[in-house]
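Before we start, here is the structure in question, set down as structure tokens.
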Amino acid sequence: MRKTQVAVLGATGMIGQRFVEMLEDHPTFEIEGLYASERSEGKRLSDVLKVRDHEFKQETLDIKIKNADPKDIAKRVRVAFVGLPSDIAGPTETELAANGVAVFTNAGAHRMDPDTPILIPEVNQDHLMSVKDQSTFSNGGFIVTNANCSSTGVAVPLYPINEEFVLKEVFISTYQALSGAGYPGVPSLDAVGNVIPYIGGEEEKMESELAKILGIYQNKKFIPAKFRTYANCARVPVVDGHLESLILRTEKEASVEDIIRVLENFRGEPQRRKLPSAPFQPIIVRREENRPQPATDVFAGGTGRSKGMAVTVGRVRKKDDCIKLFLLSHNTLRGGAGGSMLNAELAQSKGLL
Amino acid sequence: MRKTQVAVLGATGMIGQRFVEMLEDHPTFEIEGLYASERSEGKRLSDVLKVRDHEFKQETLDIKIKNADPKDIAKRVRVAFVGLPSDIAGPTETELAANGVAVFTNAGAHRMDPDTPILIPEVNQDHLMSVKDQSTFSNGGFIVTNANCSSTGVAVPLYPINEEFVLKEVFISTYQALSGAGYPGVPSLDAVGNVIPYIGGEEEKMESELAKILGIYQNKKFIPAKFRTYANCARVPVVDGHLESLILRTEKEASVEDIIRVLENFRGEPQRRKLPSAPFQPIIVRREENRPQPATDVFAGGTGRSKGMAVTVGRVRKKDDCIKLFLLSHNTLRGGAGGSMLNAELAQSKGLL
Amino acid sequence: MRKTQVAVLGATGMIGQRFVEMLEDHPTFEIEGLYASERSEGKRLSDVLKVRDHEFKQETLDIKIKNADPKDIAKRVRVAFVGLPSDIAGPTETELAANGVAVFTNAGAHRMDPDTPILIPEVNQDHLMSVKDQSTFSNGGFIVTNANCSSTGVAVPLYPINEEFVLKEVFISTYQALSGAGYPGVPSLDAVGNVIPYIGGEEEKMESELAKILGIYQNKKFIPAKFRTYANCARVPVVDGHLESLILRTEKEASVEDIIRVLENFRGEPQRRKLPSAPFQPIIVRREENRPQPATDVFAGGTGRSKGMAVTVGRVRKKDDCIKLFLLSHNTLRGGAGGSMLNAELAQSKGLL
Amino acid sequence: MRKTQVAVLGATGMIGQRFVEMLEDHPTFEIEGLYASERSEGKRLSDVLKVRDHEFKQETLDIKIKNADPKDIAKRVRVAFVGLPSDIAGPTETELAANGVAVFTNAGAHRMDPDTPILIPEVNQDHLMSVKDQSTFSNGGFIVTNANCSSTGVAVPLYPINEEFVLKEVFISTYQALSGAGYPGVPSLDAVGNVIPYIGGEEEKMESELAKILGIYQNKKFIPAKFRTYANCARVPVVDGHLESLILRTEKEASVEDIIRVLENFRGEPQRRKLPSAPFQPIIVRREENRPQPATDVFAGGTGRSKGMAVTVGRVRKKDDCIKLFLLSHNTLRGGAGGSMLNAELAQSKGLL
């Protein structure tokens, strides 16, 4: 089978390069080109390298960054992975879709659009069908977004809990990694030995995205889930890996053992379809008293393409009618490029590419 | 007036040395001796120095650590400040009180005893009277505990909110500093670039202490406050200063402006009595979008003895019926030695010493 | 006596604000205005605060930043303290001096000019006289630079060693703090858990500045000192305080005791003249086996205006014919604004203002 | 071929577990047992896991730690890898060798023994022959040590420089990682935002070991190399990877290009023999202006068993007659367990096992 040609937009950034990492030797996708702004045109990937923990192949490092307008890119590829900043991403994605490209984006610009899914294949794989209602779908173009990095980590374990016990409310406090702010991102003088209890727009995103993700798509409309989310977001001096504190209430009574059971047994569409980037188990539950930690669990999920694709849950406890737990997910893999990669693999598997 | 002679127990530890810091030039207390285990006997304070950010006087640095049993200490002082580990502290404090010493302790051993107050003078100054019901009071001995470091930071702002709007429930996630674990405490390999979502016993302490602190003492019994507390505690790579995320519900409706008003206007007994270590304002509300931070707010409260004695609250917001905020307090000053110092000053001011 | 009116240029930056910190309640200088680029005009100091560890007075925090061209500033003040980036600082300083202002600058632009001193009052107070040979001196204008932050820490202890034992060569490796790169400076993703073995131009500056500073000014020319300097510079995840490793050779034999003696006994012109910002002792020698450390020694020097103005030396050892030691100095106080403050105080004391 | 049975001593520590990591699927060695003190007997490897960045196989994680005295171990294995603390290691190794075991140790106890090599196969592979002069060799037992972690990183690039240009003197300052102090090791309160300019015994080790390693073994005696080493050692808040600053002089003149050429072209005995853990290239030279960094270069060397086995050199410059550079090596792989693994592979390849 000939591999599908794909473009990576925003290839000088952390998320763009995570796309590149996951596309090396991908079984069904092939990099046509890496794109960025004019300023980086002609540089090699090695000149602008941000990802530190993956050993890229020399031929990948030698790829020269291109600059092109969306119409030109549309002539060359079927699929675009977008790691651009949200303000630039919005119009670029619209134009790509208008010109027949299937867009899988990490940017937030279109997440709350009425016909655009925030797709997490383990959670709401049926939302993908909403792209058929996008006006550009007839010529092959459509937009699929992945969730915000901190929403993703929460949505995956909340889904099976909601399915079985029906969520009422969730209180979230985040311990988010520095890589979530991109590069150069947070000044080191603000980060070293400090915590910053503010990430612009993050709490609002979590509160609205989670309802949409766990809601349903019916009669060409997204109907948000009913439970309420309350989030307080903070940045901690950790390189990769968002840790999140959750306290939640469910309609039906659930014991600690119940919660652990539904989390551990949960398998989703990527596992059933054996998508190339799917972790074997989407949720890993740790029973040690001091896990998950960024240092020990950030790469959970497997090796190669599924490295960092699992969400790790730990310290599941109950007090009164509340379940308390911590979870961890890799913010630029599972919560970033990896999310969109899985989305594209699902779309391909369902015959949309 | 002749100053009251005091002993500091556990003078080789961080909390013990914070006591010493606050006792330098204290207007009404005077150090009789610094005490620690046999192992440190004869060393000078300068040989075992843990506090890094206070410039001790040379004569203080030259004080030699003593070792003595509680009975001997009791012969020499009216007051003992205790910074010992909880397991050793418990029996030592009992013996000191039995021998007529007024004990002000940072250790948790007696906090939940039925006749021992967890005293925060701004919050529950009347709880101090419970010491009169301690069996040793007749010969002058009694025990007063300060709250756990993470409970203190929460209790101070919760008190005026509870007074005016009646708390229903509080969801807390903590970002606690390394100094809270003492020295050597957390291994650096676990701390650098990491977050540890576990502090042994901390969540249980917060959940039980807060109810006792904000409750009432009546008919020789502590009756806990009715609101419920749910806590998730984590350690972050910060040297000093516990940041805490709070989401709370009240019986009476409160707007953001209401909350800010009661917090800013709040003054307690230490302010009314102008106790030597009292901050001018117990709660400082920041309106910047990214405060409080350990790096910028840990020493809020004033200079000298009231440095680090205020609690800083920021990012007060409302969603649905919940108030969301962050707060910060210095864990070894306000939440440790400073708390007990203020307790002793209150006791003295009330004629109990 | 009426205080001398001074302007601070670059008041939105770290160094500019260290000037402001040292000028609060200064006995002989008074802030006329804080200046910065047009972009910050009208903001209060509190809106752009970078210094975290000094509690500014409210009236200082309320000062509004002004923007003005050098000619206008020259009409208002006798003295300008400059904390601008080097490229802007160069021409600004030239114009200020041309218009009769005595300029004390932290910027490097004029450091190697043939008639401009790199002044460290403890080391080369007589170099100040070179300003009389500047063409603008006749109308009262002149420029005095302080040394680079990492050069200062080295120059102070090297001076008395050179005086008594005659230096042959010095091998330096630096462990420099993040604040040396200004704000936003080093991205946190490069800083957390990492060391960056490169600081642009720093090694060259150290190698040339040290020779000029320890040289002599004779017949209107700076004659550099003869010893050779070899520097390797690196950035470490520390907020404030440059640690430096020195291995050195002298012409005359010196024992460890000899070195400690000359360092401890050393007093310079600021100490003799009791300048307001002078530390009581310019060099502090620690005998502990693990000092100096940024965490414990960065503020050595005293309290108030002389806080952070001493250089701390430790681990003085000998191997073969080499002396090995570590030293620490505060890079934005002693090695930055504090250096220029001391320079201005010396100039005033010598009747040049 | 049947694999050689090996024991790992000190399997609860960081170095011990690095041995285990490298022994998983090793082509010629097979783990007979993991040994530690009585305190850990019966625990699984997973219960005491220190290595965070390697995904162990489940069957490895399930191995139960054993406790046994050296004589018993000697009955079961031909080879012992030792990651014990130096004081326990010394007598244990002596007894193992006396009972016929080939000991490859990371401990320093026997490094300076007159008949024991400090072996780095790329540097002094012929020193291995000194084991034939050990009294226990006749019954098959002998001891081979690897160099101290900071010595190894220096010795590898110094060797080809010394071979071609003859070293005169080397001035070293180290930026050493926290993992070098083991676990729990450095308290986090001393590490976060700080540098500690002291590592007990480290400077002396470097100064003596380097001379032995680069010297010759002749007439049953080690004759140390003639060049002199001066070291200043410091600990920085980095998890893994020792960065070192080197300034060196050679007898024969060498340009920057000369140095880069000999470093890049260098291949040693492990490369010629294609030993299983040998990096393809023992020294990697980076030409970027800000490399090597722990964050980017610590795992240089390849994938799998040769991951972290190369030394990275960067910023090669010349001033006067001195060469200045920085180098980085993984302190628990190349500078620890990996070093001894390579030693054992060399011994096996030479028919000594």
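As written, the chains take the letters A, B, C and D, and residue 1 is the first residue of each chain.
As a working rule, a contact is a pair of C-beta atoms (placed from the backbone, for glycine too) under 8 Å apart; a residue touches a chain by one contact, two chains touch by 3 or more.
Being a predicted model, the structure only gives us computed values, none of them experimental.
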Graph distance between chain B and chain C, where chains that touch are linked: 1
Identity of the chain that, by mean CA position, is farthest from chain A: C
Chain B and chain D, separation of their C-alpha mean positions in angstrom: 48
Between chain B and chain A, distance of the C-alpha-averaged centres to the nearest whole Å: 42
Per-residue multi-chain contacts in chain B, two or more chains: 190, 192-193, 237-239, 295
In the complex, chain D residues that touch chain B: 50, 178-179, 183-193, 237-239
Residues of chain A touching chain D in the complex: 52, 55, 192-193, 295-296, 299, 303
Chain A-facing residues of chain B, complex: 171, 173, 175, 190, 193-198, 200, 203, 207, 228, 230, 232, 234, 236-239, 243, 245-247, 289-295, 314-315, 319-320, 322, 324, 326
